[in-house]
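One structure is given below, encoded as structure tokens.
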Amino acid sequence: MKIIIINGPNLNLLGKREKEVYGDQKFENFLNKLKNEFGGVDIAYFQSNVEGELINRIHETGFTYDGIILNAGAYTHTSVAIRDAIAAVTTDVIEVHLSNIFARESFRHESLIAPKCIGSISGLGMESYRLALLYFSGKNSK
Amino acid sequence: MKIIIINGPNLNLLGKREKEVYGDQKFENFLNKLKNEFGGVDIAYFQSNVEGELINRIHETGFTYDGIILNAGAYTHTSVAIRDAIAAVTTDVIEVHLSNIFARESFRHESLIAPKCIGSISGLGMESYRLALLYFSGKNSK
Amino acid sequence: MKIIIINGPNLNLLGKREKEVYGDQKFENFLNKLKNEFGGVDIAYFQSNVEGELINRIHETGFTYDGIILNAGAYTHTSVAIRDAIAAVTTDVIEVHLSNIFARESFRHESLIAPKCIGSISGLGMESYRLALLYFSGKNSK
Amino acid sequence: MKIIIINGPNLNLLGKREKEVYGDQKFENFLNKLKNEFGGVDIAYFQSNVEGELINRIHETGFTYDGIILNAGAYTHTSVAIRDAIAAVTTDVIEVHLSNIFARESFRHESLIAPKCIGSISGLGMESYRLALLYFSGKNSK
Amino acid sequence: MKIIIINGPNLNLLGKREKEVYGDQKFENFLNKLKNEFGGVDIAYFQSNVEGELINRIHETGFTYDGIILNAGAYTHTSVAIRDAIAAVTTDVIEVHLSNIFARESFRHESLIAPKCIGSISGLGMESYRLALLYFSGKNSK
Amino acid sequence: MKIIIINGPNLNLLGKREKEVYGDQKFENFLNKLKNEFGGVDIAYFQSNVEGELINRIHETGFTYDGIILNAGAYTHTSVAIRDAIAAVTTDVIEVHLSNIFARESFRHESLIAPKCIGSISGLGMESYRLALLYFSGKNSK
Amino acid sequence: MKIIIINGPNLNLLGKREKEVYGDQKFENFLNKLKNEFGGVDIAYFQSNVEGELINRIHETGFTYDGIILNAGAYTHTSVAIRDAIAAVTTDVIEVHLSNIFARESFRHESLIAPKCIGSISGLGMESYRLALLYFSGKNSK
Amino acid sequence: MKIIIINGPNLNLLGKREKEVYGDQKFENFLNKLKNEFGGVDIAYFQSNVEGELINRIHETGFTYDGIILNAGAYTHTSVAIRDAIAAVTTDVIEVHLSNIFARESFRHESLIAPKCIGSISGLGMESYRLALLYFSGKNSK
Amino acid sequence: MKIIIINGPNLNLLGKREKEVYGDQKFENFLNKLKNEFGGVDIAYFQSNVEGELINRIHETGFTYDGIILNAGAYTHTSVAIRDAIAAVTTDVIEVHLSNIFARESFRHESLIAPKCIGSISGLGMESYRLALLYFSGKNSK
Amino acid sequence: MKIIIINGPNLNLLGKREKEVYGDQKFENFLNKLKNEFGGVDIAYFQSNVEGELINRIHETGFTYDGIILNAGAYTHTSVAIRDAIAAVTTDVIEVHLSNIFARESFRHESLIAPKCIGSISGLGMESYRLALLYFSGKNSK
Amino acid sequence: MKIIIINGPNLNLLGKREKEVYGDQKFENFLNKLKNEFGGVDIAYFQSNVEGELINRIHETGFTYDGIILNAGAYTHTSVAIRDAIAAVTTDVIEVHLSNIFARESFRHESLIAPKCIGSISGLGMESYRLALLYFSGKNSK
Amino acid sequence: MKIIIINGPNLNLLGKREKEVYGDQKFENFLNKLKNEFGGVDIAYFQSNVEGELINRIHETGFTYDGIILNAGAYTHTSVAIRDAIAAVTTDVIEVHLSNIFARESFRHESLIAPKCIGSISGLGMESYRLALLYFSGKNSK
């Protein structure tokens, strides 16, 4: 089973950026814990601040992987192109967010990509990613 | 550990109503599976079509329970009163939805209650509830 | 043939409330006339000021009755929950209004429930109900 | 007793146009049935695709007829001029629609003419016209 | 000197229609008074309820007349086509209104044709036309 | 002289809920002080989280009491039904709020019920109720 | 017969300011011509850049003069206070504008004061004032 | 104890202006009654139609008085500058209105100054001022 | 192969009207060139300023012609009736515009008819028509 | 003669992505056909999912090529930067779309780049590109 | 070289008002420093809370001074009249703000006067003024 | 002291692009002048048309440099991701623009990044950058 976690803009700064909002844990540390917990799942990881590179990676994995966990960061609210990429591929995508986007500025309340994802998990910090993994691995094991 | 699942309007018809959207499983069946899976958690359940009764139950459980899993159904998009109830209590609330509300009519894209919940899980069918339970039980066990 | 007329908030005051808008006839008097005129039709009646109780009644009758005539009053313009209830049941619903809602305040111009009803009749006073009954009984007799 | 049915743009194509929306019956056939059913009523009929000709006919009949049944078609949503014509005459006008305009594109949800009509009947197919006739003839016979 | 007064929809009913708003004088009577008062001016007159016929007349007179006085009635607020016709011709157009359109429904506050007219006179009843004539005749005599 | 104070959703939690916004006083304690201060006034009290029950109580008291003091809580901003109930009864209603609703979220700036009340008092904590009582009792004593 | 012309902000710069829009004539010169032409009318004049002083002058003249000709300049689009002043006095007010406000920035398309004036004349340069005077003097002489 | 009542534009016409809305009492008469009733309170009074003079007076009294009762009239809905003045001073300000601003034109529903006042009282005529005085004097005496 | 070009309001003035926007060529001259170039295609032509006559012609040709090239002029932005006519017929319609409507006033950015056309070509002057003809004739020849 | 076709995000998936919307033809195949048909034209091609790389290519070709045919895909609706790039270069740009963007989600109805292009061709599938080439090559050969 | 600094409403309270936002320095002290630093520049200063007096001063200096540095305070967001004054004069105006208006309430994000100024400097505290002076003096010295 | 100037999309064309708006000076020439003038400051420079590369550079410099001068070009109005990058770093950012963005198209009036910058300087051409440098270097030298 192959799953990819794709992180969008500014998420490379996790653990360094606005810690009161995003926590003080680096994503790589968290990723290692996930890999240990989900031994039977091949978990790939990609991060970029460039919208088009996120699209490229969705294209590359979106026809063969078993699941994409996407935290598109700020592009969630502005990118029709990523929305179209999700609609174009055949792999299911779950949208995740660390913070509760609905409790922040109003322009963060609308997700352009959500309508093309199968589901959304937000506000639960790093656990948002873990729950998405649980969903994909559970679905597969049935 | 005590968790309550609160379901709002029309969710009593699950398994009978628009099955292509909501699936053909009755909620009670699903609830039994959850109780088996989460043996160490005391899972209460409440459903009502009356906005005020949902508020009453949030008040009754919101100062002593360890978590509230709330699918407020259509009231998600219209009820400032439920939002205020969530803000008024001290127990954490996770908002869940069976369907992907962002892929439906535009008036379902805005959740009035989300800003007062700690997180939201939507679009993953009955699994939305299960992931919320996993979150609460995982948090507790640490 | 079984038809139910469901009246929403403040319609219990008919004949007493703002008579220049709603007329001075009590609904019960009018209902008796209808029962006399439509001898072969079993006409049930329900009124409540509680949104959730209207939903309950729609659920109870919406899988077995031959028609629902619904004047949701003010909930017409604010209740996504009643809209969902109408969509959830299998019985056809006709929306009726005593007054011409389009000639009143602008927030009364939008009906949230109309898209899920098979039709709407408004502005014709008590006759709005009678025409709806004529529609249902005529359809049946064919 | 004299009633006129006025049909607006594209209604000359009934029975030929988008049959899944508007049915496969020509309006003329339906009109003959109505004339048979309402023997004591003089039912005139007019159809035009030209906004101004609809206004002309409303002017010509609007001071002497006992009722106007108006399906203004697409002009319902764009014509302030027809609205003004209805306000200018003394005969009561009932607005009718074959389809449920509230279940279609959002620009069809607002009727510019409704506020000047005494009532509206929509969504009930050809029956919408028949109910309007029943209203006018019933009112007269009292 | 040649001036044409062009009246739009429903203005043929002046003196008969909503007298409390538009007065009880027929336009023809008023026109005769104007012709007497402005002996040296050739005053043409045209009225139609058909948008396209108003455009035709603007085209026919708009390259040779010395002024067009246009009361487009309800088309004032909905007709981009008349706006384009005014922009297309070389004769100056003054927009007039009997009533104060700014004191009526909000959809009457925006005039689509005003930006292409040289000026607007509204709210002064029949005097609105007379002042426009005074403007054109005064300009000419200088 | 008979006055009723009607409190809407979540106001049963006063003294327990968000004390920095609403204070730490239970409403019942404050009510007793009011009863002492206004010895000659019969002060009834009702609280419910159910919109329809608030309407029921407005109906029951709205034709015989000398004044209704209504804090509709969150329903202030969403309930057309309560607005209609206020319009339907003959007793004067004053709208009160503990907090300054204009200094909070923008959806709390619009009161749907205010247009049907004779006046509004907000932002002055428990004193808002007391001033409303002073108004009603002063009016009566003249 | 007493008429006052009131000019608002920046109109003291006429003849000096943006001549391609407003012309190169000083208002005082034009005023003298008007006084000559309308010998039997007592024409007062007032200009101020201060909103409140315009209100003061409307109050001082608005109960005794036969007409107020008001060019409120930019306050036309922002001053509810001047609107209220016009509504408060008993003298009729005509709104005038030198330029065609509808052909300029969109925020100039809405006049807050127009609904309280008896009429509006715009776009005809200095002639806008003269036509307003003709209206008032004509009305008086009848 | 020193309180100032500040009245904004057009309130100098009280008793003379639109009596059906504002009553027929001059403010000065009412002020004398208040001074008699509140013997121990030094009640200053200021009225101006000039926005900037209202600001000046708020500055002059806003660091030393015990309370400001402000009826900003039409500036309530348009003046960010007065809002800023209220925020800049340290004295508490209560906003009052004679009429129920929520029952009037929609542009009167939004108060720009309310978010910076401690509370608002509207719709209760002259009593609105008296209740504000009762609030300030009561607070002080505790 | 039969194609019709239908031109809407003001397009009869081509070559005479605003030449800097629309060019100085009469449409008839251009039409002759097209007929020469497309020898094997029967090219009909119709122009009217009357919305309803455009609808009539769409009806007459829309079930038998191989293509309709429609420049609806200003009605593009205001006519739901023409939109409905296009939806009602079975012949494919291509929308064309001489000028780039997206570079003009904002009310020209929205085309009400585009959603019912198979495609749109705009901004390329008379070439817009020629490309549409190339499309239809190419499709046919395959 | 040198023309470049520039394709934006997700267009690399043509023939693989949502075939019911975009067809099952790979763009490269189509491009070869075009090169054969337009022997005398040097047709360059570029595709990228990165907004900035599209801008780079517009800069590189936009001062020397004879035409740019641009399908900006989803960036059409969100990229002010591409709009500015088009405005910055001297080569004419034609906007093309495979699908009818006006018949899709409302956020696809507005093109940010259209106002800076000389024209737009949409909805005609691969033919949209061919018509644009015909336009450029035809213009050149005159 | 003559420059004037014009400060609008509430800026007379600098050093006394909301010090956490505006700093604790009196403007007069800062002005003296500026005069010392810019020895060769004649720096005039004016402050008023009255919109019209700001306009008066812009008129008086706007045809002879070398630059106007304007902090219009709250009038920035509401005054079309000041905007018109800036457009009417020939001297260049730079808009300055102490605080970052874009980080405050949304109604402070739009500046009505900015489009008529040559530039804007905001958010840099007292330095905003100094940079504007540097701009004007630098431009002059070249 | 280390400062970086970051230029966004299309600014590589300065001196070549729309010279009437942006001037005919290449940025590199101007940069050299700045380096000469500010000898003691280490001025880095970066330009890219790719949004994500701008973010990368902000990350790389945003924790160690003394100031960032950012002209984000068109991304100013569309990029939430750059806004988040500015919020994520600790170095102060000043937003600059060559042209007065408030005097251009309305979609350029809103800056998404401004709320996270310490200040904004716009409309003063190349001087905008120089003033920002003066600010940073002045602050440092104190």
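The letters A, B, C, D, E, F, G, H, I, J, K and L name the chains in turn, as written, and every chain counts its residues from 1.
Keep in mind that, in the parts below, a contact is a pair of C-beta atoms (placed from the backbone, for glycine too) under 8 Å apart; a residue touches a chain by one contact, two chains touch by 3 or more.
Note that this is a predicted model, so its numbers are computed, not measured.
Trainee: If you apply the touch rule, which chains end up adjacent to both chain H and chain J?
Mentor: none
Trainee: Starting at chain G, what is the smallest number of hops through touching chains needed to reach chain H?
Mentor: Minimum step count, chain G to chain H: 1.
Trainee: Quick one: compare the interface residues of chain C with those of chain D and tell me same or different, with half as the dividing line.
Mentor: Shared-number fraction above one half, so same.
Trainee: Please compute the C-alpha centroid of chain B, do the same for chain I, then give the distance between them in whole Å.
Mentor: Centre-to-centre distance between chain B and chain I: 54 Å.
Trainee: Distance-wise, how many Å sit between the C-alpha centres of chain I and chain J, to the nearest whole number?
Mentor: 23
Trainee: Just how far, in Å, is the C-alpha centre of chain G from the one of chain D?
Mentor: Each chain's C-alpha centroid was found; their separation is 47 Å.
Trainee: Would you give the residues of chain A that are in contact with at least 2 other chains, written as numbers and ranges?
Mentor: 50-53, 78
Trainee: Let me make sure I understand the interfaces: which chain pairs count as touching?
Mentor: Result for touching pairs of chains: A-B, A-J, A-L, B-C, B-F, C-D, C-F, D-E, D-I, E-G, E-I, F-H, G-H, G-K, H-K, I-J, J-L, K-L.
Trainee: Could you list, by residue number, the parts of chain E that touch chain G in their complex?
Mentor: Residues in contact with chain G: 94, 100, 102-103, 109-111, 114-124, 127-128, 131, 134-135, 138-139.
Trainee: Could you please specify the touching residues of chain J with respect to chain A in the complex?
Mentor: Of all residues in chain J, those touching chain A are 8-10, 12-13, 16-18, 48-53, 73-75, 77-78, 107-108.
Trainee: Can you tell me which positions in chain G touch chain H when the two form their complex?
Mentor: 50-53, 55-56, 59, 63, 78-81, 83-85, 87-89, 112
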